[in-house]
């Protein structure tokens, strides 16, 4: 009870968010340092929680001093721990990397912007740490509400696409709430562990089945799973670049985490795979997601929009992996949450850096970029190779696990879809690289600078980008130990090895 | 779109209807929801927190963490509306002034903003002559509404109500002033800066009380530890802790309601409203 | 049919909340006006609140405020006399969430109107395509 | 509680809900939504959820309606559906 780190992880960024928003009216120059401090403390404590869990096992924390089914309890195991670290550290790095871009875009509302930024982190971290179904809903709404506001700050269509996101997101949130209501009426509890133990005798009940469906559809909307993805490309494309590199890597991945959490800790794998037998249907849906995401990405002419469709197809990877129903698939899905968060933030940060310099992300405007922004483009290449799945980078290893899982489960369609989308990614990225490398620089839109001059982005933006691209390779090299130390212990025993 | 909508809606409805079959009958005393977790609240709330209104006790104590984020959601909405709508550097557009003595209306297009003077008062573009009855009644009502709001916050332990409801009523009293007079009158009494600061301060009080609990050596939001500073026993400390966070909730909710109204009704200019 | 009628009478609250939910969801999907969709969203959310409050009901239960005469220890509270307070607590939070979402959504609608001078979704899309 | 009253209010709620989304004027829509919220509030008061009813009365029927009217005032009353 004396170790407050799981609570501090949430409270400190929250307190700093309020301070930042108040400080905006007193002394503006303090807003950014306070925001960095809040986000940094969050990252620090999440790493501490994770190392503690790694050494001593699961951490429990009951808020308000009430035991779990009556009060709200935090329950941090390795799965939460590792996602916590990914979310808070990436959000921290992004805050540093996008400082300049944000300062240009929101000169007068910096305080409010960073308050929303911190609250978004609080929402995501809270979703990941909590052990209570309703608390998860409230935090989901904190994260969603802040992301609606942040996305709408962009130019052009941003408010409209944000409003569409709001409608879809609210439907998703309400469906989740309905699902929780059905669980509550059947079990009388809201605590995840408690619900899981009470659910066992109720597996045959239709209400539980419907509760499961509604929770999954609700989360499916929020994570942009294929037929429900329509809000994503517009919302992330028109968002300001500092925001899209925050929300795009984190929001959808955290939702995938919630899906896996519900599957293994609330409904338990027996229910998801044996009672419902939804496994192969979900795998087929994710095959559709992968193929459609890849095909739609081919048709895009804007770099950010292209990345958005890649996200849609990557969500298919993770959902499909989780539903393969064996340990290798689940390992691949969990590993891919981490890897994909890293790869996506790399892509969107690189896109943001390019946008910072040339103010346009249409593919025809990228000509000659290798000459003008070599470092940024090198990072983009690294991220692209990882998305394609080239061996030293981390993207290869999660794909490897997913393909192994697909072979074990006999889902050859899923394997084919994975290979197909890798092939499409090869085409996509090499087209981008080709334009950037061979394209005639004089042809493009040049903003008056001569084509040969290097207009590399400032070091403050490049350093985080370089660290993240190095991280891609480091993650790849240490995949074996990560899987052995972190992911293997959390694979539920019910899954086939 | 319409047919797709009907299909989706019917599908969802059919699924939900199908599930209704397995529900315990409505109002059953032996349903899981009434027997598993909730009896403890009803039986123990009074002796554990000294709050007769069990909803308040559960809201601010047993599930106080949820309520903290509920307040945070409201805060997010306030900040969100502010950041989306508020425009700071606006060009001086059309302004209307009225000479109080002669009731002549002046229309000033652009240019320099005239200084404030006691002979002229600024009026809205859609100004209609003031209705004396509405103005007077609203002015008389506002203090009573505010008094009632304070009662609702303070008496939340014993009767329905609490920080949230009281905060909304407090906010509504200022909104009433803005509607019955004009927005500038309300903003003169309750400036934007104060409002935005209060928004952060209220929810800071809530989180701060929780953090003080940590500093005093108990868990987050464990109000029992406040007994050391409040000089009361642990049960009353819980009761006082609940009161403290209710005040925080009330302040934030009031400020956010005013802020959202001001930004919405003036489209972010904060000069002319409904 | 004979077994359906007691089913409806026993659970009509659950049935009617489903009808409300369908109305709200239909308005959200099929309506063209952005504010109309918003109203549908609110109806949808209130229907879920109705569902939760119905869960908390007990036959013969009164409001969950413990009678003043009862003090700690002296008298045991019978939970059957009071309705379940937990769904009420959850729904207070849900109402707050719905009004917050409403505020942000209306702010977005005002912003969209300032840009496109219309609230009809198809007209906005047509204008975007024309550009 | 009186189930006839309960049923009558539930029916009225549904009628106002349909009217709210069918009326072809956004200001009318906002006011009808206020009426809908108020009926909902009554319903909850009947079901002994006094705190929820109080909140709905102040938020749903009060502040939400004001927000709707404010937004309609800043945009337009026109709607095609």
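First chain written, first letter: the chains are A, B, C and D, and each begins at residue 1.
As a convention for this text, contacts are C-beta pairs under 8 Å (C-beta built on N, C-alpha and C of every residue); 3 or more make two chains touch, one makes a residue touch a chain.
The shown structure was predicted, so the numbers you read here are calculated from the model rather than taken from an experiment.
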item: Between A-C and B-D, the pair joined by more C-beta contacts; value: A-C
item: Chain centre separation in whole Å, for subunit D relative to subunit B (CA means); value: 19
item: Length of the line joining the C-alpha centres of subunit A and subunit C, rounded to whole Å; value: 29
item: CA centroid of subunit A to CA centroid of subunit B, Å; value: 32
item: Distance from subunit D to subunit A - Cα centre to Cα centre, in angstrom; value: 37
item: Residues of subunit C engaged with two or more neighbouring chains; value: 12-13, 19, 21, 25-26, 32, 54-57, 61, 63-65, 86-88, 90, 92-93, 96-97, 99-101, 103-104, 106, 108-111
item: Contacts with 2+ other chains: residues of subunit B; value: 16, 20-21, 23, 31, 33-34, 37-38, 41, 53, 55, 59, 63, 66, 70, 73, 76-77, 80, 84, 160, 164, 260, 264, 267
item: Residues of subunit A whose C-beta touches two or more other chains; value: 134, 138, 141, 145, 148-149, 152, 159, 178, 184-185, 190
item: Listing of all chain pairs that touch each other, if any do; value: A-B, A-C, B-C, B-D, C-D
item: Residue numbers on subunit B that touch subunit A, as the complex places them; value: 15-16, 18-24, 31-38, 40-41, 61-66, 69-70, 72-73, 75-77, 79-80, 82-84, 86, 88-89, 193, 196-197, 199-201, 203-204, 207-208, 210-211, 214, 218-224
item: Contact set on subunit C toward subunit D in their complex; value: 12-13, 16, 19-20, 23-24, 26-27, 31-33, 35-36, 39-40, 42-43, 46, 49-50, 53-54, 56-57, 61-65, 83, 87-88, 91-92, 95-96, 99, 102-103, 106, 109-110, 113, 118-120
item: Subunit B contact footprint on subunit A (complex, rising order); value: 1, 4, 7-8, 11, 14-15, 18-19, 21-22, 24-26, 61-66, 69-72, 106, 108-109, 112-113, 115-116, 119, 122, 126, 132, 134-135, 138-139, 141-142, 145-146, 148-149, 152-153, 159, 178, 182, 184-190, 198, 205-207, 209-211, 213-214
item: Footprint of subunit D on subunit B - complex, ascending; value: 53, 55-56, 59, 160-162, 164-165, 168-169, 171-172, 175, 179, 257, 260-261, 264-267, 273-274
item: For the subunit D and subunit B complex, residues of the former touching the latter; value: 50-51, 53-55, 58-59, 62-63, 66-67, 69-71, 73-74
